Amino acid sequence: MVNFLGKGILKGMVVTFTNLIRPSPTTQYPEQRLTVSRRIRGTELVWSKTKCTGCATCARTCPQGVIHVVTHKGENNNYAVDTFEVDSGYCIHCGLCVEACPYNALFMGYTFERSKYRRNSLVMSKDDMAIEHQPASGYFHPEIAQTLPEQELLVYRGKKK
Amino acid sequence: MFAGLNNNPVSFPQAMPPDWPGNAWWHWVIFTVIILVFFLGSVIMFIYMERRVLAKMQARIGPNRVGPFGLLQAIADAVKVLMKEMVTPANADKIVYWLAPAITFAPVVMVLAVVPFADGALLADLNIGILYVLAISSLSSIGVFMAGWSSNNKYSLIGAMRMVAAVVSYEMPIVLALASVVLIAGSMSLNDIVIAQQSYPMLLMQPLAFLLMFIAGCAEINRSPFDLMEADSEIVAGFHTEYTGMKFALFYLAEYGEAVVMSSVIATVFLGGWQGPFLWPWLWFILKTFFVFFLMIWTRTTLPRVRIDQLMSLAWKFLFPLALINLIFTGIEVLTYPDGIPWYFIFANIAIGAILVLLWSRLYKVGGGRIAVG
Amino acid sequence: MTLRTEPFVLNMGPVHPSTHGVFRMRVTLDGEVVVNLEPVFGYLHRGIEKLAEERTYTGIVPLTDRLDYVASMTNNLAYCLAVEKLAGIKVPERAEYLRVIMSELQRIAAHLISIGSFFNDCGAYFTPFLYMFRERERIVDLLEMVSGQRLLYNYMRPGGVSQDIPEEFLPALKEALNQMPKYIDEYERLLKDNEILYARARGVGILPKEMAISIGASGPVLRGCGVKWDIRKVDPYSIYDRFEFDIPTGTQGDCYDRYRVRVEEMKQSLRIIEQAIKQIPAGSIRSDVPQLIRPPVGEAYAHLEAPTGELGFYLVSDGSIAPYRCHIRAPSLMNLTALRDMIVGWKVQDLILIFGSFAITMGEVDR
């Protein structure tokens, strides 16, 4: 092949032209949505009232120290949880609390669209986090992960799996 | 569509000197309106096209929300920009700072006065059309320099200095490339040049001149890979770093306006302007203009930016000598065949162009490098 | 007649399109030529080393994500190696393979960003950058599938990894491995032979071999100078001694060489992942580590080959649940010490290019 000034430029221009014709991998977010990972660490914590014993392992594990647990002694020699608050404004969604929970009472959330208008509405109470209200993610909970839809991957785009 | 206008003079009372081009006063009114509409319409379409094509080439989608297919995106942006607060830097040279956008913008529109939309359909059929284009189009660099100087911003100053250096250097290859076309066409009027391309476009007869004109034109109007004046990754936004609101919009308009003008001049001179079968002449002209602009987008997408000394060396060591040699060859051809160069010289010229580019790419050294600093 | 000129001081940054974060360079210019340069660090200082002294050993893992935030996996791994060395924790076989796969995927993803932003600094208007983000997306998808997040993975733990891979991971990874060479080839065609890139990057910003060694440079910056130094080979950590791969090196240490080294390293990473997929055993993924690790009193230094260079963690334990001292050897910071000597004498545009060829992340430089 002859080497001349502009050969590399022409090769590059062929590449950009092929991309002009090739469909773009973009998905247009609010209308088209991709299914997220089954293990997504979503924007909120999900808490199960029935399973939680108030041991506060999560609060000790949290690197940010944003989990606030207050208990009192209940009737069957166990703890009754008075307060279970998470300031999700400080939460870094590391998932360590979910890993640490010995009673499988804490889950990461499955959704990611939880922006709020007020700073103080980011502080989530027991009721905000109740598992009855919102879907839980399969992070560290394989039994939940199996029930969630499979993640859409870019590698399979435009291909039969 | 406009073909008849110039040929059938209407006996209105002459309000202007008889030796002025155009025969009737309404000729001037109509064409001023047409040029303004064409200018603004194409700027909007160019912005849209640049953003969409650029996006597609970059594996994105591009603006597609405002209006059908995002066609109104440029208008939405304009409305947004007009509603912005106008900020003048405290230490700016206020008068120069305010004048600069207007001085940049005005010459850009003025160039279109001599570009024909159809046979004889142009504002002023100047017999020195090419000279007018060259003279007026480099005026806007004065405005750019004013902007860079008066903003009192270091990035602006660097951008403006680069701009002036580039425009001065790249005038030379443009003039020489156009001169060889003028030699073949035998006229400086753009309309006559288009008529001279009746049988084949000038691109085939002057391939090297087209290449030189395209490269130098890209540099002249700050298109990538020669967009050092507003190199966003280096000097933030170059000369218009400090501009906001309406004044910024004028710079933006002037930037794309220069692209419109440069594309339409290249389309007129090298691609046969309004000549073409089947379609209306003005449609052919617009299609060719957009095609030239598409080439500019394509190069912008692909190429990295050159360095300032390489920009200079490209102009003076590569484009300038090639343009000169091309002019000499064209001169010889014109002297040998004074009644028109035979068509088979197309192949000769393509061969000459290819050989020159190959040869010169061996001889050409970029130069530059580390400078010893004390 | 000589014109009187005076130097021109330009503050590049801290907010500038090409400073890869918040970095400030106080540049003295003579016309377009840089005559002096004074880097100013610290705009992104978050005190990660100090914060680490107040957290449990497991709680520091999310902090390490935020060092070089384009290469979280390798940061996690470097930290976990240090803790394991300190506390004498054994890592199960399967976890070692998962760690290798993840950190090599991460290396490809980080190099894609490095090369893309290097081209962006060259002025190739976002095209290579967006192409490379398109391919990075494939890798990030996979890492999201495993760890649940797309940037700050927080996947590795002292003693293994946090979760096993889901069963759909390996087929998807194989598919991605099939596609990647095609796309790497596309980048090669896009800009490898580009004349403007030759003119801009070849012979520009040469880092002499001796200087690179004496400042402690590492990673692609060092290998671009022709030094065959890769922690994966010279001090194999994890199970890197079981894989077969080459160390790509440059010849003269200019910006173009650093770019080439990164591209070749991506190909080598693909090779490593292919071998790892074949060898990966079944078994547990995390050894039995107490939730609050209390390493014996002592100190440990562990290092690995991060995408930017030799990333090291130096931990001192006083026997409590938090380290007494945690020092991070940030490769970006070490590499940046050569900045002034490499840039003086070049032009403003070369400054951006040379700075871009380091591919630093400010999160790591300032910590």
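Note that the chains are named A, B and C in the order they appear, and that numbering of residues resets to 1 at the start of each chain.
Operating definition for what follows: a residue touches a chain if its C-beta (ideal position, glycine included) is under 8 Å from a C-beta of that chain, and two chains touch if they have at least 3 such contacts.
What you are looking at is a predicted structure, and each value in this text was computed from that prediction instead of being measured.
Peer 1: For the interfaces A-B and A-C, which has the higher count of C-beta pairs in contact?
Peer 2: If we tally the C-beta pairs in contact for A-B and A-C, the bigger total goes to A-C.
Peer 1: What's the farthest chain from chain C if centres are computed as the mean of the Cα atoms?
Peer 2: Using the mean of the C-alpha atoms as each chain's centre, the farthest one from chain C is B.
Peer 1: Would you mind pulling out the distance in Å between where the CA atoms of chain B average out and where those of chain C do?
Peer 2: 44
Peer 1: As a quick test, compute the distance in whole Å between the mean CA positions of chain A and chain B.
Peer 2: That gives a centre separation of 51 Å.
Peer 1: Could you put a whole-Å number on the gap between the CA centroids of chain A and chain C?
Peer 2: Computed value for the inter-centroid distance: 25 Å.
Peer 1: So which bits of chain A are touching at least two other chains?
Peer 2: 5-6, 9, 12, 15-16, 19, 25
Peer 1: Got the chain C residues that touch at least 2 other chains?
Peer 2: Where chain C meets two or more other chains at a single residue, that happens at 127, 131, 134, 190-191, 194, 196-197.
Peer 1: Give me the residues of chain B that touch two or more other chains.
Peer 2: In chain B, the residues touching two or more other chains are 57-60, 301-303.
Peer 1: Using the touch definition up top, name the residues of chain B that touch chain C in the complex.
Peer 2: Touch list, chain B to chain C: 54, 57-60, 154-155, 158, 224-225, 227-228, 231-236, 300-310, 366, 369-374.
Peer 1: Can you check the complex and tell me which residues of chain C touch chain B?
Peer 2: Of all residues in chain C, those touching chain B are 8, 10, 16-18, 30, 32-35, 119-127, 130-131, 134, 190-191, 194, 196-197, 199-200, 203-204, 344-350, 352.
Peer 1: Across the complex, what residues on chain A touch chain B?
Peer 2: Within the complex, chain A contacts chain B at residues 2, 4-6, 9, 12-13, 15-17, 19-20, 22, 24-26, 28.
Peer 1: Of all residues in chain C, which touch chain A in the complex?
Peer 2: 55-56, 58-63, 65, 127, 131, 134, 137-138, 141-142, 144-149, 152, 154, 162-163, 166, 168, 172, 175-176, 179, 186, 189-198, 291
Peer 1: Write out the stretch or stretches of chain B touching chain A in their complex.
Peer 2: 53, 55-61, 64, 298-299, 301-303, 357-358, 360-361, 364
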